[in-house]
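Same chain, two partners: chain A is paired with chain B first, then with chain C.
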Partner chain A sequence: MSSLYLARNPRVAARSLDGEMMIMSGRDSTLFTLNKTATVLWQFADGATPLDQIVERRICSRFDVEPAEALQDAETLARELASREILQLSEEPILPRNPVAGEPR
Partner chain B sequence: MSSLLEEVSAKALKLNIPLSVQLDLTYRCNERCVHCYLDHDDHGEMTTTEIKHLLDEMADAGVFILTLSGGEIFLRKDFFELLEHARRLMFCVKLKTNAVLIREREAARLRDLAVESIQVSIYSHRPEVHDAITLIPGSLQRSLNAIRFLKSQGLKVIIANVLMTQNMQDYPGVRALAEELGVECTLDPTVTPMMDGNRFTVNLGVDQSALRQVFRDASLVGDVNEFCAIPAKPSENELESTPCSAGHTACYVSPYGEVFPCVQFPLPTGNVRRQRFVDIWRYSIQMREVRSIRVKDLTTCTSCTHVSSCTRCPGLAYMEGNMRGPSSQDCEKSFARTGVPSANMLEKKRAGINLVQIRVLPNMARPAA
Partner chain C sequence: MPALTTEVGRLALVIEIGGMPVRVNTTDPVFLGMLHDRYAGFVTSSARAEIEFDVDLTPPHTTDPNADVRVIHRLGRWSLERGDFRAQWEPSSRSGWIRQTANPYSIDAVLRIVHTLVLAREGGFLLHSASAIRNGKAFLFAGVSEAGKTTISRLAPPDVTLLTDEVSYVRKRDSAYFAYGTPFTGELAKLGENVSAPIAALYFLGKGAENHIEPIPSGEAARTLLCNLLFFAEDEKLVQSTFHSAFEFVSRVPVSRLTFAPDTRVWELIG
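Then we have the complex of A and B:
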């Protein structure tokens, strides 16, 4: 399977509330909250780290999950977040195009 | 409020997080609105560096919704630098402006920075009425041009229409204009007293009959009977609830770094030039006092028919002298809605009768000539 890279969409607004991300879509101001796993994906979606590495280092080490299953779930989740324009996905590393690309807090 | 936003607000309330902050970048303004409650002279605004530092502190404290307002925000030469910084910190940024200084270039920049919404004050669809309120000839035309530039960039624009005697008859025209422009429109019948407590601006507000007209306009309130119904007795839960978001999940910071529970609640709680934002939020005695108040603690209001549906603003009550007391402007609104006088009105009336009796008694005691 080829690597999948994720980057936070710089057009959204985001803040962590008690360990879970609140995200306001830049497209239509819809509010989302991400559960703890989705929050990890968001936090490490730097455009440079492939999804399998995020899952291996950040998800499997924290949550008690099977690596293969975790990767599949994470990919489904990443595609869902991308469809809502919260994440950007690519098979190549994603370079920040917008100089204002945000840092998660 | 969407149910998810309600859920998030409830969580922020429990965790004592200031979810939403209004930061006024300046009190300077290029309009001179007759009802404005601000002193427009610059008494030492925070510098670019101070504001960026404050934004960092606010992001760390958990602030999510950041409303940048003024005065007129575009008068700050560093406005876009500050906005860029705010967006880098991933705030959900809302702007309040008269939009007079927004042209194509500014609108495009706002789109690039993905601001959530831009609220523009429009007082009338007629230039002679709007410009007579802003005291700037041509201001309506410039604000409307700006709204078109913003819309053409796909930005969300909200027209804010403050109702006063001067523009009372024009709100249907403003709403039609908003529809034509494809933007939202809000209507606010409350005129805020001056920050120093001077209430002359309040006299520009609409009277009872105008309020009654607005509250019976189904296009504004929906089901008139329901909106104007006399409310049920408050439940235990309602009595235990907090009066509003001020000091609970929201606060206000002035251009001079002063922190208040709300833009309409000028109780000083600290200054970010001397203290960390989060320390003021968590530990200021005044903030904690505001936070401790429950509906059941309100004087007068707890015995009022309207308490469960009243829009009582604790900030306006504070400006009248008691943050636990009633706010006369909200009493007026409750009365206009239901036709039932508020506990505060009845108390004042009784006090009036007493005063007459006190004045009359000595004369009566005077021996007959």
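Then we have the complex of A and C:
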């Protein structure tokens, strides 16, 4: 299986408050609230770290879940976030083109 | 030899909402009178205008009342469009035009949209909420339709100055937020007073058997505030700016849930 890389879409606005990650689409103002796993994907979507590493280091270590199952679920979730234009996905590392609009880490 | 052109008299009035004067030019005295009545209390004699619109009245025609509004920014101009109007506004020249039939509703929509665009740049916004002033402080009562905005406005005692029962005007001045009266009415069909005051609290309304106020976590406050904002523009920068303004607002203004029974005692908790 080839690696999948995630990057935050710079065209959305993002903020975390009281542990709730909120994202607003710059295109149509749709507001999204991310669940815990989606929040982890968003936080570590730097365009350089492959999804399997994010899952291994940031999801399996935090949630009680089998690595293979976690990777499959994370990929499904990442594709859903990409379909809503929250994340960008690629099989190659994604170089930053614009500063990320969300909060600084 | 008869003149080839006839000079058409130009009529105008200035509508000042939220401290922002907008001049409306028309050639139709009946339409001008309609606007005078519609915006009574918000029409000023000020010669200064921050925005100027020429209104081009079109003959009556059938329009789709359910058509979506579209607000697009391109090449320095805002284009506003709904089934019943078309308009353009160029911020650099502070001028624009509106094409509509002779009715007060279309220009009302244009004004709401233009105010949201101006406010978004300044950290302010329009909010689906009633608002009122008591003891020199403004209170906002937000909620969707049927949440109780008009009810709480109707229940206000005489010492309360009503700013609106439907759309609140929130402007940021330095690091404080102020609420202004608006002519944008709901079921109460009563224009707000054209005054302003610093905002002391935002309440999200709910109906219940007893009156009580409970604080809500800031994450929920921001999310609920965002869901109640009036925003129309398909413009990434302004969307992002308005998004961050909502978070800034909840970090500075106390936000609570106000559950109330429909009687005047609820106002004992306010102010």
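Convention: the second predicted complex is superposed on the first by the 98 of 105 C-alpha atoms of A that agree within 3 Å, B and C clash if a C-alpha of one lies under 4 Å from a C-alpha of the other, contacts with A are read in each partner's own complex, and residues count from 1 in each chain.
Quick note on the criterion: contacts are C-beta pairs under 8 Å (C-beta built on N, C-alpha and C of every residue); 3 or more make two chains touch, one makes a residue touch a chain.
Just so we're clear, the structure is a prediction, and the values are computed from it rather than from any experiment.
Participant: Who does A:Thr33 touch here: chain B (first), chain C (second), both, or neither?
Facilitator: both
Participant: Using the superposition on chain A described above, determine whether A:Met24 touches chain B (first), chain C (second), both, or neither.
Facilitator: Both partners.
Participant: Compare chain B and chain C by how many residues of chain A each one touches, and report the one with more.
Facilitator: Partner touching more chain A residues in the overlay: B.
Participant: Could you say whether A:Arg15 touches chain B, chain C, both of them, or neither, answering first, second, both or neither?
Facilitator: Both partners, chain B and chain C.
Participant: Report, in rising order, the residues of chain A that make contact with chain B in one complex and with chain C in the other.
Facilitator: In chain A, positions 11-13, 15, 17-18, 22, 24, 26, 29, 31, 33, 101 sit in both the chain B and chain C interfaces.
Participant: Going by the contact rule set out above, which residues of chain B touch chain A in the complex?
Facilitator: Against chain A, the touching part of chain B is residues 2, 4-5, 7-8, 11-12, 15, 17, 19, 59-60, 62-64, 84, 87-93, 112-114, 116-117, 156.
Participant: Would you pull the chain A residues touching chain B in the complex into a rising list?
Facilitator: By the definition above, chain A touches chain B via 10-18, 22, 24, 26, 29, 31-33, 98, 100-105.
Participant: For chain C, which residues are in contact with chain A within the complex?
Facilitator: Touching chain A: residues 217-220, 222-223, 226-227, 231, 234-237, 239-240, 243-244, 247, 250 of chain C.
Participant: Which stretch or stretches of chain A touch chain C in the complex?
Facilitator: 11-13, 15, 17-20, 22, 24-29, 31, 33, 101
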